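There are two complexes below, and they share chain A, which is joined by chain B in the first and by chain C in the second.
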Partner chain A sequence: MEWLTVFFSDLQSSYPALWHGFSITLKVLVFATVGGILIGTLLALMRLSSIKIFNLFAQSYINLFRSIPLLLVLMWFYFAVPFIYTGITGKYLSIDTALVSSIVAFMLFEAAYFAEIVRAGIQSIPKGQSAAAAALGMSYSQSMRFIILPQAFRKMTPLLLQQSIILFQDSTMVYAIGLLDFFRTTYVRGDLMALLTQYILFAGLVYFSFSLLATFLVKKLQQRLRV
Partner chain B sequence: MNYSWNWGVLWQATGVADTTYLDWLITGLGWLFVIAVVAWSIALVLGSVLGIMRTLPSQTARAIGTGYVTLFRNVPLLIQLFIWFYVVPNFLPTALQNWWINDLGANTTALISASVGLGLFTAARVCEQVRTGIEAIPRGQINAGYAMGFSTFQLYRYIILPQSFRMILPPLSSELTNCVKNTSIASLVGVAEIISQMKTISEYTQNTIEIYTYVTLVFIVINVCLIQGMNLLEKRLRIPGLMTGGSK
Partner chain C sequence: MTQPLMIDIQNISKWYGDFQVLTDCNTQIRQGEVVVVCGPSGSGKSTLIKTVNGLEPFQQGDIVVNGLALKDPKTNLNQLRSRVGMVFQHFELFPHLSIQENLTIAQVKVLGRSQDEALKKGLAYLDRVGLSQHAKKYPAELSGGQQQRVAIARALCMDPIAMLFDEPTSALDPEMINEVLDVMVELAKDGMTMMCVTHEMGFARQVAHRIIFMDQGKIIEDCSKEEFFNTQRSERAQHFLEKILH
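Showing the complex of A and B:
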């Protein structure tokens, strides 16, 4: 058990760095989930719209992002965000490129997945509801805002949360662009202190516990929300 | 913006032996397929076995299946691959460890860890699909099977599995495309598959946009081919009278 005690004594000094890494993971998770759901809802509305061009755009967007790996998307944005910024403003980026580009990448990537969930949610609301709203003289945006979306979101909250658990796990992939999130911090520390085995297992345990807990809570919520 | 475009970058000589960058990309694509095929074979076999176990009457079999799925679905794939690559070899017996580290090259060990890791990860997902497929079979069929004197083995072999595997083809095909996309993560443990070739080429040539675009196109083409292939298979294997309207 010596390898465990060595690890725990090292953990005491690496604790602040790990905590900082964890806050980065949370930042990515929260921004990407909120932004992803907003963009995803917009995409879903476009996908269901009767205007051809909107429909086509949303469909190609979703298909494109669903057919390429997340890793590739992350690398694209890591490269493209500063490139485009410099192209437009002529200045170099002074912000944390890895963090910003990974948040943007996750937002746009997950939006494609959230869009499919939202679309299914909207389609699960009976046609009669929107017909009734129209009969009451509501405009399209009013019926969406007051009738359809509140019901749809209630139904799909568990699915959206499940997707954000997947997002939480996938956020480890920012490893590839060098962002020091929780996992990369543990890896770097482990590599540095020759405690790689312990640190990787520790990271796995942390992600496992959080995902398991979140899954359990989502299941509870699902039972609560069941009509 | 001083970016020099060069869409012909793939046909340039690399300066290493007699190769062009296209050759490098094709090598990467080859490794992608190797990992995908190995991982998918593991996933399909192990996933089916575990999925069946989760529906058996035996409590132990169910518990093993459930435990496996819980473990492998709640640890991020990247960490799983790192565990197979960095951690597991430390716990091997000394003789095996020597062979693994000294006799096998770094590329081979990375390739094996990545394929096996991805396979075991995907198996948990396949397992859930198989279980759903089996549970979708009406209870009456199972009772009828038992009433006719089928053993549990015969019941699965002749009644349940032929139906449920055909029913779960659509979700399985989306797992297959996920599995192929996830091979890209193998680049992070050092397999020279298409993403890491892409990085190398972009560092050599500085034609990042072009090479990224080509690789993106490769993934789109692979995805379209897989989806078309699976659609064809679904049509072939459709259960008459069920799933009318085909694949949509």
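Showing the complex of A and C:
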């Protein structure tokens, strides 16, 4: 069991780096989830709109992002974000390109998936609810904001969280553009210390534990919301 | 003495694709009048009542509510709807909001009233329908009859110039129908302009001024209550009445 004791003593000294990596993973997760749901909601509203051009745009967007591998989207944004930034502002990007482009890529990519969840959620609210809101004189946006979306989000919360658990796992793909998230940090450390197998096993265990715990909590929440 | 015209339905026709749901419907409702619309299912009565506040679009004709024409592009449809109360078959209370929030949300967001003012008014109407002790509850905690009474109170909070009822009792258990009808009778006696789609002929006898009978998207009868119940003119209406009067 020497390989384990060596690993554990190294883990203690690598703790700050791993924690930093984990905070990067969380940053990507939180920003992409929140931004993805916001953009996804907008897309869902466009998709359900009777205005043809909105509908067409949302449909194309959703089809496009659901038909491209995530890895490619990540790489595109890694190269495109600084390029576009410089194009617009004329300045060079001084921020962490890998982090920002990862967040943007995940946000836009996940938005396509969130959009379909939100759309189904809106459609699950009985028509009578929007009729009642309209009969009280509410405009379309008031009816959406105060009546339809609050009910839809209550129904959708478990599905949205489930999607963000998938996002949590998929966020490991940022290794392709060199972002030091949790997984890449463990990988680099393991490689450096010749403890690669142990570190990758450890990373797997961490992702597994968090995902399983989150799934369990979502199930609990789902049961609670059903009552 | 003739009261001013409140709802003027002028030759309304409506199609779903090739299927014509309403054919040349024509009727006028004056202020303070209570009009009951009846007819077999699929006769277009619910569709007709929903055209009055623009919930159902129509292709031909026009409706003038309190001087505002629905087809006039200058008419603010939301503003018009906020002044015409509507009660639905399935109540349509907002399940994520408490009873008092159900009563106040449109007052605050649509009419721009203050929260205090809206709540005061909401609770007053809730008291009037006999449910003041339920203000903090959620719709799912109330019975169907209670929910429908809240729905009526919610509509009244907007100070409507007229009330539309779309089969307000047909989703209710028999023992709950009367509590809702009682509220409606009281409202009618207070002089509210009402257009009610209902099969409750007892209610019609008690408070209606006029009865409209519809079949296959057409208004077949449009006459005073006395005329309708005493002298049957159309065979179709007679047949219908025999079926629903016991």
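Quick notes on this one:
Simple rule for what comes next: the second predicted complex is superposed on the first by the 226 of 227 C-alpha atoms of A that agree within 3 Å, B and C clash if a C-alpha of one lies under 4 Å from a C-alpha of the other, contacts with A are read in each partner's own complex, and residues count from 1 in each chain.
Quick note on the criterion: a residue touches a chain if its C-beta (ideal position, glycine included) is under 8 Å from a C-beta of that chain, and two chains touch if they have at least 3 such contacts.
Just so you know, these numbers come straight off a predicted model, no measurement behind them.
Of the two partner chains, chain B is the only one that A:L196 touches; chain C does not reach it. Contacts of A:W19 after superposition on the shared chain: neither chain B nor chain C is touched. In the superposed model, A:T86 lies in contact with chain B only, and not with chain C. Of the two partner chains placed by the overlay, neither chain B nor chain C lies in contact with A:F216. In the superposed model, A:Q169 makes contact with chain B only, not with chain C.
Of the two partner chains placed by the overlay, only chain B lies in contact with A:P69; chain C stays clear of it.
Looking at the shared chain after the overlay, A:F8 reaches neither chain B nor chain C. Set side by side, chain B and chain C differ in how many residues of chain A they touch, and the one touching more is B. On the side of chain C, the complex with chain A involves touching residues 50, 53, 55, 78-86, 88, 90, 92-96, 105-106, 109-111, 154-155, 158.
On chain A, the positions that touch chain B within their shared complex are 64, 66-72, 75-76, 79, 83, 86-87, 169-170, 172-173, 175-176, 183, 187, 196-197, 200-201, 203-204, 207-208, 211-212, 215.
Within the complex formed with chain C, the residues of chain A that make contact are 126, 128-129, 131-139, 142, 146-147, 150-151, 154.
Contact residues of chain B toward chain A in the complex are 1, 3, 70-71, 73-80, 82-83, 86-87, 90, 177, 181-185, 187-188, 195, 199, 208-209, 212, 215-216, 219-220, 223-224.
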